[in-house]
Amino acid sequence: MSPLTWILGLPLLAAAGLCLVPRTSKGVLRTVAVAVTAVVAWMAIDLLLGFATAPVGRGGYRFVQQIPWVESLGISFFVGVDGINLGLIVMGAIVAFAAACVSWEIEDRTKEYYVLLMLMTGGILGAFASLDVFFLYFFHELALVPTFIMIGVWGRGERRQSAAFQITLYLTLGALVALIGLIALYLQSGVRTFDLVTLTDTLAANPMPAARQYFIFPWLMFGLGILVSLWPFHTWAPLGYGAAPTATAMLHAGVLKKFGLYVLLKVAVPLLPEGAKEWLPLLAWMCLGNILYCGWVAMRQRDLNQLIGNSSVAHVGFVFLGVASLTTVGVTGAVMVMVAHGFLAALSFALSGFLYRQTGSLDMGRMGGLLKQLPFTGTVMVMAMMAGCGLPGFGNFVGEMLVLFGGWKSDLLICGGWISFRWFVAAAAWGALIVAAVYMLRAVREMFHGPIGETWRKSNDPTGAWRRLPYVVLLVSLLALGVAPRLLTDHIEPSAKLIVDAVERSRPAPHLATAPGHPIP
Amino acid sequence: MTDVLFYVFGGLALACAFMTVANPFSRSPVASALFLVLTMVWLAGLFVLLHAFFIAAVQILVYAGAVMVLFLFVIMLLDLKEEERRHWNRFGVGAGFITVGGLLAVLATTIVRSHAGAGLTPELEGTTHALGLALFQRYLLPFEAVSVLLLVGMLGVILLSRRDLK
Amino acid sequence: MKVGLEHYLLISAGLFSLGLLGVILRRNLLVMYMGLELMLNAANLALVAFSRYNKNLDGQLMVFFIITVAAAEVSVGLALIVALYRRRQSAHVEDLTSLKF
Amino acid sequence: MQPETLAWIILALPLLSAAGITLFTRRNAGLSAAVSVTAVAAAFVASVLLVLSYRGLHIPAGECLIASVNWLNVGGLSVELGLRLDSLSNVMLLGVTGVGLMIHIYSCGYMAGDPSYARFFASLSLFMFSMLGIVLASNFVMMFVFWELVGVSSYLLIGFWFERPAAADAAKKAFLTNRIGDFGFLLGIIAVWASLGTVDFLDLQRALAADPQALGAFASLAGVLVFMGAMGKSAQFPLHVWLPDAMEGPTPVSALIHAATMVAAGVYMLARSFFLFELAPAWPESLGFLSGISALDVIAWTGGITSLMAALMAVQQSDIKRILAYSTLSQLGYMVMAVGCARPEAGMYHLVTHAFFKALLFLGAGSVIHALHHEQDIWKMGGLRSRLPVTYWTFLVGTLALCGVPPFSGFYSKDGILAAAETRPVLFGLALVVAALTTFYMFRLVLVALRGEPRDAAASHAHESPSVMLWPLRFLAIASVFAGFWGIDTALKRGLGMAGASGHEDHGGFLAGVFEPFGHAPLAAFLGLFATGIGFAVAWTLYGSHPVRDPLPERLGPLARWMRDKFYFDEAYAWLIRCTHDALAAVADWVDRWIVAGMFVRGLAGATDVAGRALRLVLTGNLQTYAFLAAAGMVVALWIVVL
Amino acid sequence: MNLWLLGPEVVLVLLGLSLLMMDGVVPTARRRLLGHASAAVVAVLCLYALSGHAGLPEPGYAFGRMFVLDGLAVFFKALFLCAGVFVLLLAADMGDRLGSGVTEYFVLTLFALAGMLLAASANNFAVMYVALELITVAFYVLTSYQRSRVASLEAGVKYLILGALSSAFMVYGIALCFGASGTMQFDELAAKSAELAENRLFQVGMLLVLGGLAFKVAVFPFQIWAPDVYEGSPAPTTAFLAIGSKAAGVVLLVRLLGGVIPELGLKWEMLLMVVAAVSILFGSLSAIPQRSLKRLMGYSSIANGGFVVLGLAAMSKAGSAAVLFYLAGYLFTVLTAFLVVAVVVERLGTDDFSALAGLHQRSPLLAGALAISMVSLAGVPPLVGFFGKFLVLKALVEQGTALPSYFVLGGIAIIGVVISFWYYFGVVRAIYWNQGPEETSPVVVPPVIRMALVGGVLGILFLGLFPGSVWDAAVAAVALLKF
């Protein structure tokens, strides 16, 4: 049995198990949740450490396990890791642990909360571990619903219900649009299977006609784009995260949101290379919208969560840029950004959640001097914000740097070659180094520097090692990635290269006219 | 001769049907019911012209006899007056007429254009004997099902009109 | 003109339309119901005519079933209308709008 | 011990100290200071050992020792965590650890009693780590990494008293301004890597030596982009605005960061990657209008303009630290100009000597401020010669060195720069004017602040600082005096592979060394001295009589106001930012709020909701309506089918 | 004569008759047991239908080929019987509130069930008509069963008039079809279907027949009765309407479009697409502002009917199989929902959303079951609704290569699903998010209902997690269709 099955199965089992625990024993609920996520995190780290030596299974994946599910539809439960989802699984498991740790703040309906949290964790890890396209989607949806309910029930603020609904509808729309694309991919591949390895092999040998790829790719690109808050489909993110309970925001912004990027990178681009080449220039424009436009929007925010939300949207732009660059360096960087930003977003939302509990407000105008009042929180938050503006030493820097390096070498033609992709890189670098620094430093200045805000005089740091543990774990993960990026990049690179090669190798298949009976969609 | 009878019966049936649904002189349900009875009778005449004697008889017995008596009985029981509210919703009436006109147009054009009767001659004699045989041989299943249906109808009437509500 | 199948069918189409007109325009439930009976009778006429011209008895058998079913339906329907009238003292569709939107 | 090991130790010590203080000893102020000082002292000792054990400072150009582990290796981008040991870095090592040690020791006294004593030393250690990282970096990416770390540690140090809005703002400003430079730096690195496939200095140098056209059309652009990094860090025009504000930090920080080390990093980087700037001018097509201008031209003129502008601003400042800050700016401009005149060793030489005497001056100023209970206005000082004798004399030594009076070290290094500028007459003239201005504002400072009578009660009750602060002053004074004779210039020439590196190695005797500048570049030496003299004369005329107020504004009129207000750069930039980023942010926010989130998202949701509410009105409850709708639907379907 | 093929129908009728006779014998207080007993019998029948008829190599015919037992029929019979079990249990629980005697309710349910089984096997217009009328007439009574409530009577009358209207259309359609083809037998029609597809008289007739079936499925243009009737009827009736009556329409639609007149179906795919799109949009949009749970289910039923037609509109075996699976999932989901609704209406007296507030405290089981069924209806894995929608969409996309309008339809389906999240999660919100009223006394759920609820939820989960077997059965069931 693959450890992956355990990694995604344990939280789901725990969710079922927690249903049986009486609702009054909150301690048991908490302990089980923390223990399960800790075990899962430990297993995931073990996965990372044992990755290099593990035997290579089908399709170059390791730790594979495949169980037929609905054979007549070509669906099987199929898990495995390569360089790309390895980091995401590890990140997801660690963030889940941190999220379980910060959940001590939940007092109301604890049982339902932990059941949903475990469900969400299992879904998230399953989504990243699955190598069956159907299950990819399946687990993602499985993780989404707890998100909505958690925002609605345990969320904060007056507008949490409308926020929960907006996020529900918006993400459902994105997921369904992507689902159409995935189904089209499945049907058009000719093999009628959702097995990613078979799909990849088949489509590498017999690529789909270019015209069909042009048609299918945008469904995936826009559908997944909505899931990842691609500009201009991003407005749900700050709103939703502003209203979400801490753990949900951590898990969603940190991990689940990466799903769209992951599928784009793992499924859409390599399986539809011609479609990718056709549409990625548009993606490049849109990711500038993320990086610059959302950066500017973030500059104007007065509420900490809105700021983090918008900055998280902005960071996602780098992943898109890396994907659009279609170079090994750029794609590796994109994956790195995904992982690092996962930790960062989780850390930021964990801290903002903590701050919110202090006074029930995240209005930065009313804060000030918190570095003195809350030295621990303040220090960690300042470090998180520094990581957010791409400071070396944190994983984000490595990722963003690789994206920029890769992007410069990209030969993607924008507007028929009139505009060099290098301008996009320059603009992205401006967004990373200047715009991000502006809003982050302004926030630090307002929140942590200067004289102390009146309403914050009674606030306290988290006390005790357990309370501080989640923040430390996330911070250490970020630092580890920044200091020793080869922990991941060595694994990512070969997989990224495969994807890039798949696109480069692709020759447009003979035009569709040669395939009778199938008019071009 | 039969053609003349056809036009007489058919014209009267249509006229009575019109009087049933849109009597310009009276909105009384009783009038409608009586005109409906007449329509049934003329229809039975048409059935006779089509040599469906048994059906014609059933038409008179069941429809004109039983069903319409039931209607009249209920009307009397409820002591229904004329439809009091006479303010016609002009839009509704217009739309209704357009719809019905549209339906009639569709049906008529289809019937005329499809030449359904082309090359066909009236041949079949709907003898009671043949009907009975078919009913109790090939059509035994729906026949039995109708018996259950009648039972359901009976049950329903009893349930709906039973006075005591336990 | 020689009377043929089309003539019967046109009569039946006319009856059907008139029945529908009754359902749409009349507000008394009973009269509406009469309109429905008219529509069924139109179908009967068409069936009998087809039966005769198609040399197939099935049409007449269908009429037989329709008449029977209609009788059952009418009895239940009228009982229902009576039951409603007992509670609402009205058989007007406009008084029958407590369930809406 | 292997030199590589030593180098690793040198780099690691401050990091360990920073981490240790933060994690373990932060509640114990004394212990934290001890840890930090010990670490930097050990680093200094190790540097000395390194220089002694490994062919000293005399490593021939092109040879160097590289210790590295691979940090990142992705598809053609291989980045080593590499330490490069050659003359250039060794000189800087000694300078940085030496001055750093003095400043650490001094800080023990200066910061005594501050509630965040431990945090201060942790930040200092972090800064030392980052700075040593820059010095030792063997490739561009590593340098950029430490470059950024230096930026953030300076942010922490400038904003050390973060409760003060001014300090917090200054820290933010410093970081952001630096970031603009870093933006160019990073793009420059990327451009170089994209063409040459490596980021390692040595490989790059070799590649460019083998094929000077290797960078193609990006040659000059890459140079200018990389130079942008130096522009930010070394506070060159137009990114100079952060440095004076950075004086809001504690004075030792000003001495360490804004005099000796951090601001020098830019110059160091220019020297390190000098091979990049030497290339013949070549621009991409879209920048064709710049053809003919080489990267060096841009550098030289930027340096020249900065030095003049800063010197002019310094003339009308009244805050003791700001005067020194502008002086630093001006001197940095000098150094950059020297690099731009293709004489990086001159710039580096000045950098080293400047590190000594500017650190000395800042620490002296700190001593004065400390004695006057944090009074920084020179017009409230005066008469400190007798009350703070050690401070006074060491400060005077620093001043003389800065003004370039022989035989103080500044004379030699400055002479090198003037000699370098001889090839560009306009710049040479400009440099001379700056030399005169330098002497003028420094003696204005000395005459007003230290000599004469106390103008304020605090000044009259001043006491000399504790000896823990004075000893660093003394050591630095000695270095300021004698640094000109330690052969730093030749070491640098070797390190940079300059012509004539071996020529002056065995010149005869000490005296010959003292007067050496007059020998090989007499014009520069004499004119330089002359300019100094003029500056001193004007200063003595105006301030020798110890006026109570500055007589200069009356004579200069509006120009004085412009100089005092720093030529309104801050205001212009503020306006510029308001017009660009803030305006864009406002627009983006508005669009986001009302168009994207409002009109599209919420509008769509609202429209759907309204549609739903409207549509259900169809269900009037009236049976007849239902029948009509059903029949109508049926008829429509029939029409569609039949027609 | 293969009478045994009609086994389940015969047993149901006999069961109904014996219940009628026992009504006088069994004391009033214990009549509820009759419901439980008949539910048990129906359950046995269901198992029999599943096991005994499964794997029929060839379709079996009876009564001169008027009755056909093929895979399609078996699949739906199992479906109807399964629905019947739930409805009978529910009715037994609701007995006290039904008013006019609970035994008759069981009997009518059983007869309607027999009609449904017959409809699934109909191979002749006359059988089809009689079977449908059997269902309809039984439902006239079942909807208006609570005579003491005006709403129930009103629902009955609305169902009566519109049902009669639709059957009038259907009868006229049958007449035209008969006239154009000269036969009432489906298999004879199928033999001539290619030439009939061009016959305009036949087209009009068949369209009228389909219109009559649209009433059963509650799709455009005969969709409009659903919310009112759902709201007014007693909860067991609504449940039965939502699944049983709808499925009866669907099985005939599938049989006609797929087995009898595929040529015409292909011609009309655009029409079906419009019907599906309008139904989905109408149902989904109008459901948004609903506050009454039963009424909401009425609108949702329209939207789901739209999805069913969507699968049919794909005009492929995959589409039809998807429809079958969809209905199987819909069965459990809707029945679970109505079990909860019935209990809520009975115990709390209203089905308004406000009554649901605090339900999660008063009865976690009810709250959980309702939430799960709503989430499943919305189409979220691992619940069955997701897989059903997935299959329907897959069938659509499959056809999209041939006709791009299918992608437009897919887009409309997506919009429909998104909107459906809106109102289904509105229910979830009402249950969990809103602070409940002061009343926090637990809601007692009788053990039988509790079992049924658990069964329903398990069905939702099981079909969602292991859809393979049912999907394969659905595929086998449509194997004989002629797409």
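Letters A, B, C, D and E mark the chains in the order given here, with residues in each chain numbered from 1 onward.
Throughout what follows, contacts are C-beta pairs under 8 Å (C-beta built on N, C-alpha and C of every residue); 3 or more make two chains touch, one makes a residue touch a chain.
Since we're looking at a predicted model, the values are computed, not measured.
S.K.: By label order, what chains touch subunit A and subunit E together?
M.R.: Intersection of subunit A and subunit E contact lists gives D.
S.K.: Pretend subunit C isn't there and tell me which chains still hang together through touching.
M.R.: one piece
S.K.: Which number of steps is the smallest that gets you from subunit B over to subunit C via touching chains?
M.R.: 1
S.K.: Compute the centre of every chain as the mean of its C-alpha atoms, then state which one is farthest from the centre of subunit C.
M.R.: D
S.K.: If you tally C-beta pairs in contact for every chain pair, which pair wins? Let me know.
M.R.: More C-beta pairs are in contact between B-C than between any other chains.
S.K.: Can you name the chain that lies farthest from subunit E, using the mean of each chain's Cα atoms as its centre?
M.R.: Result for max centroid distance from subunit E is chain D.
S.K.: Could you name the chain whose CA centroid falls nearest to the centroid of all protein CA atoms?
M.R.: A
S.K.: Averaging over Cα atoms per chain, report the distance between subunit D and subunit E in Å.
M.R.: 77
S.K.: Hey, how far is the Cα centre of subunit A from the one of subunit B, in Å?
M.R.: For subunit A versus subunit B, the centre distance works out to 68 Å.
S.K.: Whole-Å distance, subunit A centre to subunit C centre, using C-alpha means?
M.R.: About 63 Å, centre to centre.
S.K.: Take the average of all CA coordinates in subunit C, do the same for subunit D, and state the distance between these two points in whole angstrom.
M.R.: Centres of subunit C and subunit D (C-alpha means) sit 96 Å apart.
S.K.: Give me the residue numbers in subunit D that touch at least two other chains, ranges are fine.
M.R.: 616, 619, 621, 623-624, 627-628, 631-632, 634, 636, 638, 642
S.K.: Which residues does subunit A have that touch at least 2 chains other than itself?
M.R.: Only 169 qualify.
S.K.: Please list all residues of subunit E that touch 2 or more other chains.
M.R.: In subunit E, 126, 129-130, 133, 137, 140-141, 144, 147, 157-158, 161, 165, 169, 176, 179, 200, 204, 227-228, 419, 422 touch at least two other chains.
S.K.: Got a list of which chains touch which?
M.R.: Going through each pair of chains, those in contact are A-D, A-E, B-C, B-D, B-E, C-D, C-E, D-E.
S.K.: Could you please specify the touching residues of subunit A with respect to subunit D in the complex?
M.R.: Subunit A residues touching subunit D: 166, 169-170, 232, 234-236, 239, 293-294, 296-297, 299-301, 327-329, 332-333, 369, 371-372, 386, 389-393, 397-398, 401-402, 404-406, 408-409, 425-426, 429-430, 433-435, 437-438, 441-442, 444-445, 448-452, 484-486, 489-490, 492-493, 496-497.
S.K.: Taking the complex as given, what residues does subunit D use to touch subunit C?
M.R.: By the definition above, subunit D touches subunit C via 616-617, 619-624, 627-628, 631.
S.K.: Please output the residues of subunit E touching subunit D within their complex, sorted ascending.
M.R.: Interface residues on the subunit E side: 157-158, 161-162, 165-166, 169, 200, 203-204, 207-208, 211, 215, 220-222, 224-225, 227-228, 268, 271, 275, 282, 284-290, 299, 419, 422.
S.K.: Write out the stretch or stretches of subunit D touching subunit E in their complex.
M.R.: 608-609, 611-613, 615-616, 618-619, 621, 623, 626-627, 629-634, 636-638, 640-642
S.K.: Which residues of subunit C touch subunit B in their complex?
M.R.: 2-11, 13-22, 24-28, 30-31, 33-35, 37-38, 41, 44-45, 48-58, 60-61, 63-65, 67-76, 78-83, 85, 91-92, 94
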